[in-house]
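Everything below concerns the one structure shown next.
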C-alpha cells in the first residue's frame, strides 16, 4: 500500500488534506524524541533536588506520549500513514541527541529549556501553516502548544537568577 | 412563549446571536439521528467480527449523545429554544433512515462511512458559517468534528482493500 | 437478510419466540421517543425550579436509554431484527411529538405525566401479552415498568394541589 | 450430618422446600461445567479473531461463576446441602466433555452454541417445575436464563451465513 | 390531604391500586422494626465470635433500610401515603420488642432466627395477596424475600447442632 | 446479664462512667426517632420543590444513622447496654410522633424545624452534663450538634419571609 | 525582581508576549471577584428554592477558581508576574462589591445575571484583542467564555416571566 | 433583610448567638485573604525548589477554602449574614496586601510565616473568646487552628539555619 | 489440530518447551479441583464460626482461579493445548472428590489442610522439575506456591491444640 | 541542632509550648510500642477464631500508626524534635515487652486489654495536663482516646463470661 | 561526570555490579524500539479486524514502557548511567526499523512475531548472563520475559493455519 | 506453646523449614527498625528541600511495613513464631539507634545511605543462605531487596558531588 490513502476528511480536497497530514510527520518525530529525552533526564538527574525534578518529569512524559498518539491518528484520519519508528526519526530530524547524561538539575533543566524552545517554535510554525486549510488540525496543535508552553514555564521557574532573568 | 428568548450571549447582538443558534438546529437533528443509527447498527451487525464492532460502537454513541447535549444547551444559551423530538427531526432532515438491518460488519461500516461523510461535511460548513460571528460556537463545533473524523477513521480502517483504498 | 432469523431462544417454538419479539418493537419506539422527549424537556424547562427539574431528568434519560438497549437486544436474542431509527419510529407510532417547548416546570411536568400514562399502560399491556409465553421477557418488562412508575411518582409529586390531588 | 437439614424457608413445607432445592443440583453441575468449558475455549481459540473472542468469554465466565454461587446458596437456604465437586459432576451429568481443543472461533462458537442450547432448555424446564411452589427460586432462574440467552445471542451473531441463518 | 391520593399507577383501577399499596404498610413497619433490631443486636452481642457477628449484621442493616425505602416509595407511587414513624409502628405491629440485650452470639442469632421466620412468612403471604393484581409489586416483594431468606441461612448456619439440625 | 457491665473506660470510676453512658440513652432514642422521621418526610413531601427537598433529606438520614451508631457504641464502650428498639423508644420518649403526612415542603420543613429545636436543645444540655466528667463523650456530642445545627440552617433557609424572619 | 521576566513564549517577541499577558491581569481580578461573589451568594440565598440554588453555585465556584489558575499561570508562562491579591483587585477593578446580602433566589440570580454580563463582555473583548497575536491565549479565553455563558443560561433559566422574557 | 436573622441556634439566647457569629466575620476575611495569598505565592515563587514549593501550596489552598466555607456557614447557622466580598475584606482588614511578587522560595516562605503568625494568633484569640458561650464554634476553630499550625511547621521547616533556629 | 503446536517460546527447543508445558497439565487439573472444592466448603461449612470461615474462603477461590488461568496460558504460550474440562480432570487425577459435605469448621479445615498438603507438594516437585529448563515457568510456580502456603497457614492457625500442634 | 527549636506555635510562650510538646514524647513511644504489639499479636494468634481476630487487628494498626504521626508532627510543630526510634523507646518506657507469643485469641485479647488500660489511662492523664495550656493538643489527644477506647470495647466484647463481666 | 558512578549495590563488587548494569543497555534500547514499533503498528494496521488489533496493542505499549523504566532505573541503581535517546539507540542496535507501514493485521502480526523472537531470545540470553552474579537483576528480566512471551502467544494465536501451525 | 510449631511447609523437612524461618527473625527486626527510622527522619528533616524529602520517605515507610508483614507471615507459615516487639529488637540487633535528630536533608540522607548499606548486605546474605533449601523464601527476599536497592538509589541521587561520586 502507498503512504497516501485514497481519501481524506470530508470537506477537504484529497490533496490539501494529505498536505496538512504530511506537515505533521516531523512534529510527530519531534514529540517522540521529546518523551524519550524527558525519560532520559528523569533517570540521569542527580543532586539535592533530585526527587522533585525526577517526579516532575513523569506526568509530562505521559502528556507528550498522548500528543504523539493524537498527531499520528490525525495523520491517519487525514489519509497519510504516520511513521513512528526510531530509524526514520533519526534520519529525518534536524537536531542531535540530547547532550546531557548524569548531571545536576541545573544542567538538565537548562538543556531541556533549549529543547522546548525548538519544539514550541516549530509547533507555532505548524499552526500558522495548517490554520487556513484545516481548523481541526490547527485546534489540536494549539492545545498541545498550550501545554508545552506551560511545562516550559515550570522548567524556567527553576532557573531564575537573582534579577528575575532566566539563567 | 416564543422560540426566541429576549436575550442572547453578552457581546453579541440579539439578532446575530439568535442567527447562530438557529444554525445549530439541524446539526442537533443530525446528531440525534446519528446516535440512534449507531445503536441500530450495534444491534443488527452480525458475522465473524460481531463482538468487536458491536463494542466499538457504544463509546461513540455516548460521545454523540454528549454532543447533542452540547449543541442544544448552546442554542438555549444563545436564546433559541432547541427541538430534540423525533417528529421534528424526520420532518426537517434532508436524508432518509439508515438503510441496513441485520447484516455483516462490511455492510454496516460502509453505510456508516456514508453517514459520517454527510454529518462531517455539514459540521464543517457550519464551522465556516458561525466562525465570523461567534468563536465560542465555532470552537464547540471544531471539537465535535475532530472526534467525528477520528471515529470515521476507525470505520474506514476496517474497509481497506488490498491496495490501500477504502472499499 | 430477512427481519426474522432462523432461530429463537431454546425452549420456545420459533413462531412463538418471534411473536413475542415483534411485540417489543413498539415498546422500543416508545422508549426511544421517551428519552428524546425527556432531553427536550431538560433543555426547555424554565422558571424558579429550573435547576432541580433540569437535573432530575438526566438520570431518567440514562435509565430509559438502558431500557431501549435491553428491549432491542431481547428482540435480537429472540430472533427478530430490532429497528431503532427515527423514521420508522415516526411512521409507526400512534402518538404525536411532545407539544411543549420553552415553558415552566408545571407545564413540562404535566405534559410528561401524560406521556408516562401512555408508556406505562402499554408496557403493562405488553406484560400481560407476553407473560404466558415467555417469563424472561415478562420479567424484563416488569422491571422497566417499576422504574417508569417510580419516576412518574416523582413527576406527580410536583403537581399536587392543596387538596392532595394531582393538578 | 444428612444432606437434608431440619428446616426449609418459612412459608413452605419442609418437603416441598427440599424438593425444589434438589431440583437445583443438576443446574449447579451444568453451570460449573459451563464456566470450566468457557475458560477452556478462552485458552484454545485461535485464528484472526482470536483476541476479541478470547476477551468476550471472560465476563461470561465471571457471570456464570456467580450463578453457580447463587444456586448453591439457594439450595443451602432451602435446607439441602449443595455438591460442587468435579467427581460428582461427572458422575451425574447427562452429557460429555466439550469436544473441541485448539480450533478457530467458528468451531468453538458453534460448539458453545450447542452447549447453550442444552443449558438453557434445562433452565427453562426448571423454571416451569419450581414456579408453582416457590416464586423466589423461579425468579432466580429467570434472571439467570435472561443472561444466558443474551450471551447465546452474542455467540450466534458470529455464526450467520449470508442468508441470515445461523451456520 | 387525605392518605389516599387521587391517582394510582396507570393500568390499575384506583381502588385496586390503593388496596395493594395499603397491604404494604405493615411490611414497611416490619422492616423498619427489623433494621432497628439488627442494629440493637450489633451493639449488644458479646463473646468469642463478637467481631464476626457484629460485622455480619451491618450489611444486612443497609439492605433492609433500602427495602424500607422501596416499599414506602412503592406505596406513594401507587397513591397511598406511607407511614414510617415509630409510634405508628408500635401501635400497629402484632409483635413485641426483641427480647435480648447484652448476650452471646448464640442467644442473639436464635432470637433473630425467630424474627426472620415472622418477617418472611408475612412477606410470602403478601406476595400471594398482591400477585394477582400487580406484578410490579409482586416482583419487588419476591426480590426482598430472596435476600431475607439468604440472610436467615447465614443466621441458621451458626446454629447447627452435631446432627445437622438447627438448635 | 445486667444492663451494666463490670467495667467502664480506663481513668473513670465505674460509677461515673456508667452515669455518663446512661445519659446517652435518650439521645439515642431521639436520633433513632429523627432518622425515621426524616425518611417519613422524604416520602410524603409534595409540591413544586418536591425533588430538591426529597433529595436534601437523604444525606441527613445517613448522617443521623451514623450518629445513632456512635452513641450506642459509646454507651457500650462505657459499660452500659444500649437499647435501640422502637417499643422502648416510644415508651421512654417525651414527645409524640411527627404530625405531618402528605404535605408540601413548607409544612414539612416547619415541622422539622420544631423537631430540630428539641433534639438540639437536649444535645446541648447533655454536653453540659457530661463535660465535667468525660471530655471524650463531650467531644462526640459537640461534633454531632455542629452537624445538626448546620442542617437546621438548611431547613430554616427555606422558611424566610420577606423581612428576614423565619416563618 | 521586576514584574516582567526576561523571556516570553517561543515564537513571539518579548514585547508582544508581555502585552498579551498584561491584558489578562484584569480578567484574573474579575474571576477572583467572581468566585468570591458566588460563594457569598451561596451562603446568603434564602427562600423556597434555597437548597437547589445553594448547590448549583458550588460547582461553578470550583470551575471559576480553576479559570483563575489558568489565567495566572498563562501570565507567568508569557513572562509577566500575576497579581492575585485582594487589595490589588479592589484598587484596580472598575466595579463595586456585589450588593446583595441575605435575600431570596430571585434577588441573587438577578444580581448574578448582571455580574455575568460584565465578566463575559470583557472576556469577549479580550478574545478579540489577543486573537491576532496569540492563538494559545485566545483558545484559553474561548474555553472559559463557553462555560461562563453556559452557567449564565442556568441563571437566566430561573428568571423567565410568563412571556418567555428574562425578568 | 437585616444582617441579623430572627433566630440563633437552639439553647443560646439570640443575643449571645449573634455575638459569637459576628466574632467570626474577621476570621472569615482573614482566611479569604489567606487562600488568595497562597495562590499568589504559588504562581510567583521561582528558583531551584520551585516545583516542590509550588505543589506544597495547593492542598493548603483547598483546606483554607474549606475553612472559609465552614466559618461562613457557621455564621449563617447562628443567624448572622456572612460577608465574603473582596471590597468588604479590604475595608475591614487590619493588614496590608502580601508584599512579595516573583521571588525565590526563601522570600515567599518567610513572608508566609509572618502571615501565619497573624492568622493563628487571631484564631487562638477567637477560641478564647467564644469558648465560654458556644463549644460548637470553639471546636470548629480548634480544628482549623490545628491544621494552620501544622502547615506553618511545613513552612518553618524550610527556613532553618545551621543552628536549629528559623531564619 | 494436534495438541502440540509447531512452536514454543524463543530460546528453548520445541521439544523441551513442550515437555515443560505438559508437566503443567496436572497442576492445572489440581488447581481447578481446588477452587471447586473451596467453593464447596464455602457453602457447606456450619457452626459458630460459619461467617468468618465462609468469608475467608472466597478470596482464595479468586486467587486459585487466577492461578489456573496463568498455568493454562503458560501451556498455550509454550505450544501445548491446555485442557480445563471436568471429565478430563476426573479421568486423570490421582485423588478422589473431597469427602466432606455439611460439617463444622473443624472438619472442613482439617480436610482442606490435607488437600493443601497434596497440592503444594506437587507444586514443589514441579518447580524442581522445570527449573533447569525454563526459569520463567519456575518463577510462575514459585509465586503460586508462596500464596498456597500462606493460605495453608491460615487454615492451620484454626486447628491448634493447646500445645502448639496442629490437630 | 538542639532538641528544642527557637519557636513554638503563635499565641503560646516558647516555654509553655515546649513543655506541652515534651509531654507528648512518652505518648509517642507508647503508641509506637502499641502498633508493633498489635502486629505481633496479628501474627501469633491461633485457634478457632483465628481469621476474625487476625483481621480485626490490622485496621487498628493503621489507625495507631496514624496517631503516632499526629503526635510526632504536633511535637515538631510546637518546636521540639520528636524521637521515634526503638532504642529510645525501650530505654524510656515504663513497661515491658508484651508477654504472649503463639497463643489463642483469649490469651491475646486478655493481654491486649491490659495494654489498652495502660495506654488509655496515660492518654487521659495527658489530656488533663495539656488542656489548660493548649486546646489544640488537648483536642488531638481526645480524638485519639475516643478511638482507643472504642477498640478496647471490641477487645472486651470477646471476653465476657456468662454473667456479663469481662473475664 | 563519567558514565560509571563510584558505587554499586551493596554486596557486589563495583566491577561486577557495573558489568551487570552495562549488559542491560542494549535490552533498554531493544524495549524502547519495541514500544515505538508497537505504537507504529497500532496506527497503521487496517482491515476487517482493525479495532481489535488496534486495541490489543495499547496495553502492551504501556507494559513495555514500564519495562524500559525498570531497566533504566536498575542500571542507575547499579551505578551506570542509562542512555534512552533515539540517536544512541539507532547507532547501537543490531537490527533495522520495522518494515511495515499501512497493512492488514496478518502482515503486522507476522512482522511483530519476528520482532518478539529477537527481543525474547536476547532477554533469555541476558538472564543466563547475569544470573550468576545478581539474582535481583535476573528476577527482573525473568518477570519481563514472562510477559513478553505471553503477548507473543496473543500474536501467534491470530496466525494459525488450519493444521495448528503458525503461518 | 513453644516457638516452633509441629509442622513446616509441605515438601521440606520440619528441621530445614524451621531453620529457614529462624534465619528471617533478624531480617524482621532490621526492617521494623528501618520503618521506625524512616518515620523519625520524616519528622526531623529540615532545610530548603524539606517538603520533597519529607514526602519521599512516606511511601517507603509503607513498603517496608509491608515487607515486615511478609517476613513475619512467612516465618509463621514455616512453623516458627515471629517476634515483632521493640524490646526483643533492641536486645538482638547488632547496631545502634539512628544517630540524627533535627538536621538538614544532606545529614539525614547520608545517614540513611549507611542504614541501607547494612540492611541490603544482610538481605543478600540471607538470600544466599536460604536459596538452596527454599526457593519460595529466596524469591520473597529477592523481591524485597530489589525495592530496597531502588530506594537507596533515590537516596544516593541526592548526594552526588560535582564529579559523579556520592558524597
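When the chains are written out, they are named A, B, C, D, E, F, G, H, I, J, K and L in that same order, and each has its own residue count from 1.
In this section, a residue touches a chain if its C-beta (ideal position, glycine included) is under 8 Å from a C-beta of that chain, and two chains touch if they have at least 3 such contacts.
To keep track of the chains, here are their UniProt names: A, B, C, D, E, F, G, H, I, J, K, L = DNA starvation/stationary phase protection protein.
All values reported here derive from a predicted model rather than from experimental measurement.
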*asked:* So which of B-G, D-K or A-G matches I-J, with over half of the contact pairs the same residue numbers?
replied: D-K
*What is the distance, in whole Å, between the centres of subunit I and subunit L, each centre taken as the mean of its C-alpha atoms?*
31
*From the C-alpha centre of subunit A to that of subunit J, how far is it in Å?*
53
*Please compute the C-alpha centroid of subunit E, do the same for subunit J, then give the distance between them in whole Å.*
42
*asked:* Where in subunit B do residues touch two or more of the other chains?
replied: 1, 5, 46, 48-49, 52, 73, 76, 102, 139, 157, 160, 164
*So, with touch as defined above, which chain pairs make the list?*
A-B, A-G, A-H, A-K, A-L, B-C, B-D, B-G, B-K, C-D, C-E, C-F, C-G, D-E, D-I, D-K, E-F, E-I, E-J, F-G, F-H, F-J, G-H, H-J, H-L, I-J, I-K, I-L, J-L, K-L
*Using the touch rule from the top, collect the residues of subunit G that touch subunit B in their complex.*
116-118, 120-121, 124-125, 127, 131, 138-139, 142-143, 145-146, 149-150, 152-153, 156-157, 160, 163-166
*Mind listing the subunit B positions that touch subunit C in their complex?*
1, 3, 5, 32-33, 36-37, 39-40, 43-44, 46, 65, 68-69, 72-73, 75-76, 81-90, 96-98, 101-103
*Residue ranges of subunit F in contact with subunit C within the complex*: 45-52, 54, 102, 104
*Residues of subunit E touching subunit C in their complex?*
1-2, 5-7, 9-11, 73-74, 76-77, 135-136, 139-140
*asked:* Under the stated contact criterion, what part of subunit E meets subunit I in this complex?
replied: 48-49, 52-53, 56, 105-106, 154, 157-158, 160, 164
